[in-house]
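Each of the next two complexes has chain A plus one other chain: chain B in the first, chain C in the second.
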Partner chain A sequence: MSLTVALNTAKQSLSANGVQTAIVSRNNAGANDATYSRKSALLVTQPGGGVYVASIGRAADSAVFRHMLGANSSSAGQSAILSSLEKLSGATVDDPQNDQSVSAKISALLSTLEQYSASPDDTTLAQNVVTKALATVDALNSDTNTVQEMRGQADADMATSVSTINTLLQKFQEVNATIVKGTIAGSDITDFLDTRDGILTSLSEQLGIRTANGPNNSMSIYTDSGVTLFDIVPRSVTFAATQNYTATTTGNAVIIDGVPVTGANAVMPLQSGKLVGLSTVRDQLATTYQSQLDEVARGLISIFSEADQSASALPTLTGLFTYTGTTIPASATIVPGLAGTIKVNAAVDPAQGGNSMRIRDGGINGVAYVYNTTGAAGFTGRISQLVNLMTTQSSFDPAAGASTSASIINFATSSTSWLEAKRSSASADSDYQSTLLDRSNQALSNVRGVNTDDEMAKMLELERSYSASAKLIATVDQMLQSLLAAVR
Partner chain B sequence: MNASFISTMSLSTTLRSTVMKGQVSLSKATTEATTGRHADMGETLGPLTGRDFSLRSDYSRVSNLIDTNAIVTGRLDATQQAISNLTADANTFMQQLLAARGTAGGASVILPNAQTNMASLVDTMNTTLNGQYLFAGINTAVPPMTSYPGSPAQTAIDAAFAALPPAGFGFPQSNTASVAGITAAQMQSFITTQLDPMFQLPAWNPTWSTASSQNTTSRISTTQTVTTSENANAQGFRDLAEAYTMVLSLGGSALGQAAFQTVVDAAVGKLGSAVYNLSLSGGQLGTSQQQIKDASERMAIQKDLYNGQINKMEAVDPTEASVRVTSLQSQIEMSLSLTSQLHKLNLVDFL
Partner chain C sequence: MGLYGVMRTSVSGMSAQTNKLSTVADNIANVNTVGYKRAETEFMSLIMPGTNGAYNSGSVASNVRRFITDPGSTTFTTSKTDLALNGNGYFLVSDTAGNIMLTRAGSFVPDANGDLVNTAGYYLMAAPAGSPISGSSTAGLVRVNVTQMTQQATASTTGTVSGNLDVNAPILAGPPTAPAYAYTSKSSIVTYDYVGRQVTLDVYATKTGTDKWLIQVYDNAASTNNGFPYSSGPLDSNTFTFDTTAAGQGKLTLASAGPPPVPASPTSLTAPATANAPAFNLDLSQLTQVNASYSFLPKVDGNAVSQIDSIDIDKMGVVSAIFQNGTKQNVYQIELATVPSPDNLDPRVGNAYSVSLASGSLQIGNPGSSGLGTIQSNALEQSNADLGNELTSMIEAQRGFTANSKVFQTGDDLLEVLVNLKR
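Coming up: the complex of A and B.
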């Protein structure tokens, strides 16, 4: 009965057509979803005529996808570094013409000292030196606060990132299980595969990942350093946040599956991702900048220190600039947090009951430290000495990453150079990474995305094929009717 | 088909990101065109930012030094003026002394002149500028000399005069009868052995002057320091004081002609030495003045150089920036119109 076969084939064609139309509709719905991948029906011809939809495929390219994941990690890490550096530079350096930086404050202090040396009996000028010293101390203290707040913020962001990773891994487990079950059952799992890719994309923003495919479309995730992040079950990602940061605080490491992956003691350190960017800011950039501020503070304290003038072998003590102690810190050695505790000596600051003329005369630490023994009002010996010391080269700790031998002002400007050089290169890197990410996303979108015009054209084809099948059925029906009429 | 396939989403995002990047650049270019400086100094200069800061610091230091040099120059000008006034006084007095030497009663003629000159010397030594005593060395808060009548200096000289022979004469200056009997030889010996040592250092301090022998020094450039004062202990001032004292306190008009002439001769000698030494002091200060002038001129050139370098680092060509604004504007406009054109290109609209 070939007429029945024709009818059956037309019927099958109609149902296949229905499935394909549904797919066109799905594709249209997902046209603006970045994680959606284009679906297509795999038609199989049956022996003896007729077609059916064997399975639903999805457009994908794992190489392009992997490339996009890598670009996503690098871009997220770089932008975390850049935004921190921008904040740091804005708060501590700003535009050179605003004279907000520590180096500008020290330079103003030197200028007022020179002015004071021209009229050493002028109380107003002495007071002016104290004012500039207070401004310098204020800049150092507030810069220290900014740096430590930034470290605290990075730490908090790391905690958020870790909890995001854990949530994503939980979701990943569910989706992965569904995919495995679906694959075994032979049902349509394409939407779940999209969801899984979406989770991987989100995950790659937090840390660099690699994936490996297992049986039944299952997948395992490893960090880019090789630590297992997910294999059948999610591995624990832990991080103990630190609330308050000071210059001496060391932040905790992120631990994945028992292996530390950030910080100096990382066994398998992460290579990219937001976590890497944040820990770089917290453990390297911010601490180095803090060391530079500390060295500036130490330099100021030692320049303005007072030596014994009474020949009784008394120790050299802190002068105009002091801190919690009164001894002079060892030269060229970072004292962590000194920039946060440096202050103007109360014995010099009139607001705290001191005498600003001690800048000219000495004697901040008592009679034995008086330089101006005759009490002459025009004594410039001490001020000249201070001016000379401020312009003389001295040694700074190489660990601070700025100049190792420079005058105090040049050391402070070299610190500014260090920061701006980092920011400038981070900005260029970030631009490059985000362009790379844009390109990867575009390439990926072109591989798996939906073109609505294309779908519309497909729809037209389906419409035609549908009417043709319908026409066939109607014609076969007519033929059968004529046949039955002839029989009757 | 894959080779030429493009998804609807990537089509629209491409244009969107072009517009966004264009807008970021536009905001930068607008700032640069209006301010004439880089929009983000640190990012543009990068590792050179420190150099910019150094230049700014040098610039403000040099401008400051030029200002303080003006103050120091003012002080030196006042000092020079005072010294030249004293020199003129000394020269006039010398002529008056020589005129009075041979005249009977010449002593009483020159006595008032000596008093005036002495007062003017003390006044000059106590000159202040902005509250600083110019001739006090570094002891600028204390007037270096006190008015001669009744001063410790006069007391000391009177005591030496009245001291028993052989040191002094054994009677006060008021004993005119005895004073008239002093011989020229006695007077010469008194001047050499008693009077001269009182005008030598360190006997001069503090009887005559409380000034510090240490002169003030000033930083006139980032590296140079020069002496910028003369103190009341200088040889010239001591000689002047001694010459006036001889006329005022060694018996004056009561002296016999021979003794008076000895006093006048000694005083003229001291005045000559004073004029010579004052010119030495003036010369030294003149050198300092010249050095300051040179330093200020040099620093003015430096200041311009620094300013030029800062400008070179920070400035943006405003024309270039405004051209950039225009071209970015047209680029963005083009992207926007393309976006709307592309949105019109939709198969649905043609079915």
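Coming up: the complex of A and C.
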């Protein structure tokens, strides 16, 4: 028996060596793949019959992995907020050289108005005031467009995110079933476990998740607020995208398994992830900024309004700045979308057939509203009143999130500051979260990553062991050869 | 007798050595045959009666002995249906005619019908799962078929939930009602009906008072886009109370005599039986209400209908089917057998042995019991013949044969001398 057993054992050693070498090769191939985890062969000795590879192990640490998923969600959420805010401030307030911000436009309007009050008979200066008023209106209109476009973009991104989630959940179902089958059958499932971890990583970027392990390596996924995402079958994740946004549009909520998880009416609101970032931008940051623009518009309309001068108790109506109506909106109350509809009164704008001298004289709304009743060329009462009003404190809606009592210029400046403050805090948060994610990834890589040095050392060991087995086979062959030579 | 006797003795010696050479030839030929058991020729002297003065040479008789109990070494393969035995038992196999035999040759592969058959054409026999066979009767053994397994649907009857309800959740007015349908948390559970269809149950938890939770189970099929409103009422609902004192630490309230007496909280909900599904009991006794976020982790029995994906054979001989939906079901129990004297089994073609008078009757049992041994999947038992041994035996037989022929030649020479005495 013994020689045949020796041959057999050497043969098994060769085949076990082969499997181990294949694993070293796999490890090397996966060394640069972030989702790859180090594999190792678990050898078992069979009594009287050599050695065989019983199973293939995988380096993993579920606690570190969970931590990485959490960091990934937070980081993705923050970076979604940051990139939106950067776009918004880039398009509205970011470039002081250009004086593109609403507050700069209003300042320019005030200084022109002050110049005009020094020489009220100068039509060129009156024309200048109209030009500055037009620039202010343009800034408010285009900022409103920018804000609403950004909300629309966030909405579209949410729709993309939801479809990504659904695709990932479908993939997860397949991989999960393969893992369960493989676990029962005892086959090598380590690569599928890597794939599943990769899917979870992608999923955690979209929304915060928690996982629960079931029998045979199966897994269920829940959102960080506890809504079932996957348990045996994927749950439906739905979102109805809204195409066009106006200031009064309210975006739809993402609904997972019948539960609204984003927006003001969320029952079990998500805590982190890209979806949360996008919905914060769409439903909070952008709408707050829009409210501030609306308040600026409302402030301008009410400052430049014309009161009845004929003592016949006519209502106060819109003056230089007007909108779709002519009545003055209630004080300190946001009129949604006003910044989008504010315009310069055609009765003042010479380009539309108006007369710019009405800024000095009044009477935009008819003779009852004429301030300069004598028709004096040096009349400054009205202009001084306007300059005065622009620098006087008035109240603004606290819901707008900027100053509640300030002059129109200061309010516009506080709105700019609010946006910059939000951006700077989002930038700091995003830096912090991405550092945290880097650290988590590093910790995870320390646990499951491939060390090429180790693999090379192992390869050398395997090479030696393989040579030894091959030598043994050659020796047994020689021994049998000499026995055969003895037969004549 | 004399010279003739010498010649006859040497002839018997030559034929005995030929026998030995035959077994050696067989052993060498089968040195790589899976499950082969080597044969060895043993000799026995036959002595003729004689006196002190005259020796009558007798002869030698050969007797073939088979080393059936001697295990061969194990080698590992990549096929799951390659089976080796660690122990003294034998696989029960049958030929196409249905005769039951024993073998250690376990290189089974599915044939065209999916029946496991080994290289020699013998079918692996096993007992259907759940009705193991023991004793000496082979009645009830069936062929192991690895393709025609379809999993029957099993309807879900019980589910166990572990989880937590957030103690800090705000108190809501009452059950979710139109138009707001206010509830605190929701989860869904997948169950199966009698024919394996998935039935999703929506479970709503609504905090209706301090430590009081209304838990309702709705049928998802009656929902509107997976949520309220439902076209039919809850399948079951009850108010669960939690004990936040030192005694309960957030678990469901247990009854206490008081004072004041405290009624126990319910611990489960039951969706009533329908025409298509049995009653489903949802055990919520592990639920807690502590300062942690909401979680709801259900474990539900039952499964859908599924086709076979692969099979698995464990150490104890249980053949289980792994279905495409990731569930596992035991299908066969491979039985092992032995006889009181295995070396006296009757050898048949293809490394199989049948029971003979000398071997004694079959003793069938489960792997792992009474020394029958365990089954190793992905492995094969090698031949127990060793090339070195056999070559040595061959040289022995050759030398023995030559020596016998020399004796014959000597007798012949002497007879020739005798014949030549007469001129």
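Just so it is clear, the second predicted complex is superposed on the first by the 471 of 488 C-alpha atoms of A that agree within 3 Å, B and C clash if a C-alpha of one lies under 4 Å from a C-alpha of the other, contacts with A are read in each partner's own complex, and residues count from 1 in each chain.
Simple rule for what comes next: contacts are C-beta pairs under 8 Å (C-beta built on N, C-alpha and C of every residue); 3 or more make two chains touch, one makes a residue touch a chain.
Predicted model only: the values in this text are computed from it and were never measured.
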item	value
First (chain B), second (chain C), both or neither touched by A:V259	second
First (chain B), second (chain C), both or neither touched by A:S2	second
Touching partner for A:T124 - first (chain B), second (chain C), both, neither	neither
Which of chain B and chain C A:E114 touches, first, second, both or neither	first
Touched partner set for A:T374, first chain B, second chain C, both or neither	first
First, second, both or neither for A:S312, with chain B first and chain C second	neither
Set of chain A residues, in rising order, touched by both chain B and chain C	none
Interface residues, chain A side, partner chain B - complex	31-32, 34, 38, 89, 93, 95-97, 99, 101, 103-104, 107-108, 110-111, 114-115, 117-122, 374, 376-380, 384, 387, 391, 409-410, 412-421, 423-425, 427, 438, 441-442, 445-454, 456-457, 460
Sites on chain B touched by chain A in the complex	2, 5-10, 13-14, 17, 37, 41-54, 56-57, 60-61, 64-65, 67-68, 71-72, 130-132, 136-142, 212, 214, 216-219, 222, 225, 229, 314, 346-348, 351
Residues of chain A touching chain C in the complex	1-5, 8-9, 11-12, 15, 46-50, 52, 176-177, 180-181, 184-186, 210, 212, 214, 216, 218, 220, 222, 224-228, 231-233, 235-236, 238, 255, 257-259, 267-268, 479-480, 483-484, 486-487
In the complex, chain C residues that touch chain A	31, 71, 73-76, 80, 86, 182-190, 198, 202, 223, 225-228, 293-300, 309-310, 312, 320, 322, 324-326, 328, 376, 378-379, 382-389, 391-392, 394-395, 398
